[in-house]
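Alright, structures below, take your time with them.
Next come two complexes, and both contain chain A; in the first it sits with chain B, in the second with chain C.
For the complex of A and B:
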């Protein structure tokens, strides 16, 4: 009875409320009246225009925002358009940072002579060469300049500058010391000494931030002693100009440097901006004939080896392929992330010819506090770096994955803290606990914070370099390549120092190793 | 391929302009406020797209 009474009281209240609402006399606008219609349409139109302008400004601001990086260690900056000319002036024309080894031997010539000395034989045939500070004739065997004193090298370069001699064979560090003063001098194209090189790629997918940050660790901290380091930390810059559709992601995230300065980075989309590439076909057919879902047509990591005149994404991947080919880069490491529930995670995926190096690198990781899996690149899955960049270049190609909760489908609300995982996501933490308790495999790896993810990547790249050095320092031998056979050759060690190690980053955080910007 | 995509892009934007104009006309002609509001919201996306902002 009591319940029935309460129900009746509730119903009465609802009835009374409805009646009160009815009594409010809304002004009735007769939209058949032309004047009224114009007023109402104008008000709605102005409101829509305001929303358009506000959102348009926000989108444009995001599109045009480029994260800044410290380039104090960089010797040369190239851009994609050097290798893929149709990208010139477009949003995807990303910078390629190059760091030369201090001890690399180079031939310094007058800039006007750069093309003249494009082979070692031409260097040796020159009228005068400068070594050890004096004008002498040299043989190839005498190219070891390790004993040259700084002053002698400076004198040698001075003589080229003065026109006393044609060439100074010195270390890159010696040339670097004067290059800003002697801008009319340059390094000859001739390869005076064969050195190994590595390309570290981050930002292939801008929704996988540890790849970009790990590449940035190399860009901002590395001191190359021997060899050449190439860093591209915005591989698909067009994908950084928009956000992942239907995911309501944050656009930016911030990290604090050691001094407390805030560095801002973008969280973009997996795929090229539709503003740069449209339309999207129902089925994406790769140049190999492989067919994938339409969403992959703007994924740069399904478009290798690329095409100079192809889609916008193919032009981007063509630039990377040409960068590797034209500079004969020895190793390529493409840094990625995946959601914790994705099977390929905390792993190195290696091209067939790079599998031995990857397996050796895994041994180094076992010695440390973390473990990493090694997987061979599927021969029939085309368009990926570890497959087609490997097939169409002479480089050892690897791809590495870490565990990123912000990409996952189990996640809760999106925020910049989800990107860095400094604030843990309750759903991923529940899944982790459930796995631990029941021995299930909801997650292939627990969600990790940005420090651990970047630490894993930097460690993986360093381990691969260590393995290359330990396994003979020989470039890749290609027997059944799509670009012809080639024997590997001895290149000597690749020596890169000052890159923070796994424990450094875990102890101090990623931000500690980011430079302050002016 | 380059020419093909350029032509498609131009055709696509032309379509977007025509549809936006039709929506705009419909917003004006409609006698229901809800229709006007819905049309105006739809118009925002088209304007951003035509200007290649989003």
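For the complex of A and C:
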């Protein structure tokens, strides 16, 4: 009886509410009236126009916004179009930053002779001068130092400058000291000393920010003592010009430098902008014949080794492949992120020939401070750096992953704090607690903040360099490569200093190691 | 009232028995039947293998390394070489089969599966189980050293069936402790009276590798 009474009371309240609504007299709008129709249509049209203009201006501002980086340590800046000519003048023609080792031995010549001295034999035939500091690492069997006059670096370079000598064999640091003054001098192509090199890649996927920031850690802090460091921290610059459709992502996030200056970075999309590459086919067929879903056709990390005349994305990956090939780069590390619920996370994926180096780095360096796995690159999954950049170059190629909540599907509201994970996401934290309590694996790794993610990547690159040095400093031997067989050769140590370590970044934060910009 | 008290006491007794049973189960791990007579508890963390019969287990026989699960073979290769065996003096083959192994040889088998590894090698968990069973069938003619270095990521439905086979027929089990957090390896070691050694990380296995390889 009581329930029936309560039901009747509820029904009465609903009836009364409906009656109250009926009593409100709304003005009637007769849309059959031509005048009314024009007014309503015009209002809607104007509103649509305003929204289009406002969003268009915002998108244009975002597309044209270029994150700035400190390049005070950089010796040379090239761009993709040097290696993939059809990219010239396009949004994806990203810079390639090059830092040469202080102790690398080089031959300094007049700029007009740059192409003339492209082998050691031609250097030997020249009237050259050599400095003591610059011959330490020279293979003496190839270069008979005793036959070359000796002088200090400044004198040797001056003699080339004034035409007394043709060549000065000095260290790169010696050349750097006069480089800006003696602009008519340059470094000859001849490889006076074989040195190892590394390419650190970030920003393959602009929605995976720790990759870009870790590459930027190297760009803005590294002092190369021996070898060559190449940094590309906007691998797919086109993908930085738009955001991920239907994800309501933030466009920017900010970090504070040690002095309190704000550095602004973009959070972009996983794929090349449709403005640069359109239309999208239903099925993406890679050059290997592999077929993937259409969404991958604009994913640069499904397009290697690339194609000079292919899609825009293939032109980009072609530039990277040619950069590695033409400069005979020894090691490549491509820095990525994945959602916490993705299985390959907190891991290094290594090309078959790079697996020993990756395992050594894990066992003897990385395991001391972090939990990290090593996976071999599947031979049948094409287009990825760890597969086809490895297959089509002579480099040891690695890809590393960290745990980024802003890429995941469990996340709640999107904000810049989700990107940096300085404000924890309640759903990811719940999943983490659930896993801890029940021994499940909702997450393969907990969501990590930007400091930890960048620290992991930065330390992983440093550990791989250490393992290269520990395991004999020998370049990759290619037995069954798609570009021909080649024996590895001794290159000596790759020495890069001043890059913040894992604990440094964890203690002080990423921003502390970013430079102030003028 | 008497009836209520009797029921409550009975329920409490049943619950106590259930909890005790669960605790017993946990102690013996998940290694299958719990009929092992010898209670093998893992040595304290990071200890070197010390059983005299395991020292230089390779002896005059040949040495092989392989993976059942297509993961982490490079880690074991690294340890073998760092222990003092030249790369040319042993065979490392991710698809090594039991019939390729000469009688009297020693095989270091890394267990734990990788999805990328399985796919890349063109194999799958079922085929790996067949390979594992073949090694088990030959276990009385060869020495199997079972190594697990991949932690919890190399555990689960794809990994555990082959782990049970290989660990159960090995002469010694070396495992990074995180991969044994549910005592799977402890249970197998208990059931089969196999020495079990746990390590905080794979690099800590080096001295045990040296001991096993007679270096």
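Here is the rule we go by: the second predicted complex is superposed on the first by the 443 of 518 C-alpha atoms of A that agree within 3 Å, B and C clash if a C-alpha of one lies under 4 Å from a C-alpha of the other, contacts with A are read in each partner's own complex, and residues count from 1 in each chain.
Methods note: a residue touches a chain if its C-beta (ideal position, glycine included) is under 8 Å from a C-beta of that chain, and two chains touch if they have at least 3 such contacts.
Values in this document were obtained by computation on a predicted structure and should not be read as measured data.
A.B. asks: Looking at the overlay, what does A:309 touch: chain B (first), chain C (second), both, or neither?
C.D. replies: first
A.B. asks: Using the touch definition from the top, say if A:37 reaches chain B (first), chain C (second), both or neither.
C.D. replies: first
A.B. asks: Determine, under the contact definition given at the top, whether A:379 touches first (chain B), second (chain C), both, or neither.
C.D. replies: second
A.B. asks: Using the superposition on chain A described above, determine whether A:168 touches chain B (first), chain C (second), both, or neither.
C.D. replies: A:168 sits against neither chain B nor chain C.
A.B. asks: Kindly classify A:55 by the partners it touches after superposition: chain B alone (first), chain C alone (second), both, or neither?
C.D. replies: Only chain B is touched by A:55; chain C is not.
A.B. asks: Kindly classify A:343 by the partners it touches after superposition: chain B alone (first), chain C alone (second), both, or neither?
C.D. replies: second
A.B. asks: On the A-aligned overlay, A:335 touches which partner chain: chain B = first, chain C = second, or both, or neither?
C.D. replies: Touch partners of A:335: none, neither chain B nor chain C.
A.B. asks: Within their complex, state which residues of chain B touch chain A.
C.D. replies: It comes out as residues 1-2, 5, 8-9, 12, 27-28, 30-33, 36-37, 40-41, 43-44, 47-48, 51-54.
A.B. asks: Taking the complex as given, what residues does chain A use to touch chain C?
C.D. replies: Against chain C, chain A makes touches at 343-344, 349, 355-356, 358-360, 362-364, 367-368, 371, 373-381, 439, 441, 444.
A.B. asks: For chain A, which residues are in contact with chain B within the complex?
C.D. replies: The contact residues of chain A facing chain B are 29, 31-32, 37, 40-41, 44-45, 47-48, 51-52, 55-56, 59-60, 63, 86, 242, 275, 277-279, 307, 309-311.
A.B. asks: In the complex, go through chain C and note every residue touching chain A.
C.D. replies: Spelled out, the residues of chain C in touch with chain A are 70-72, 74-75, 77-79, 114-117, 119-122, 150-153, 156, 178, 182, 201-203.
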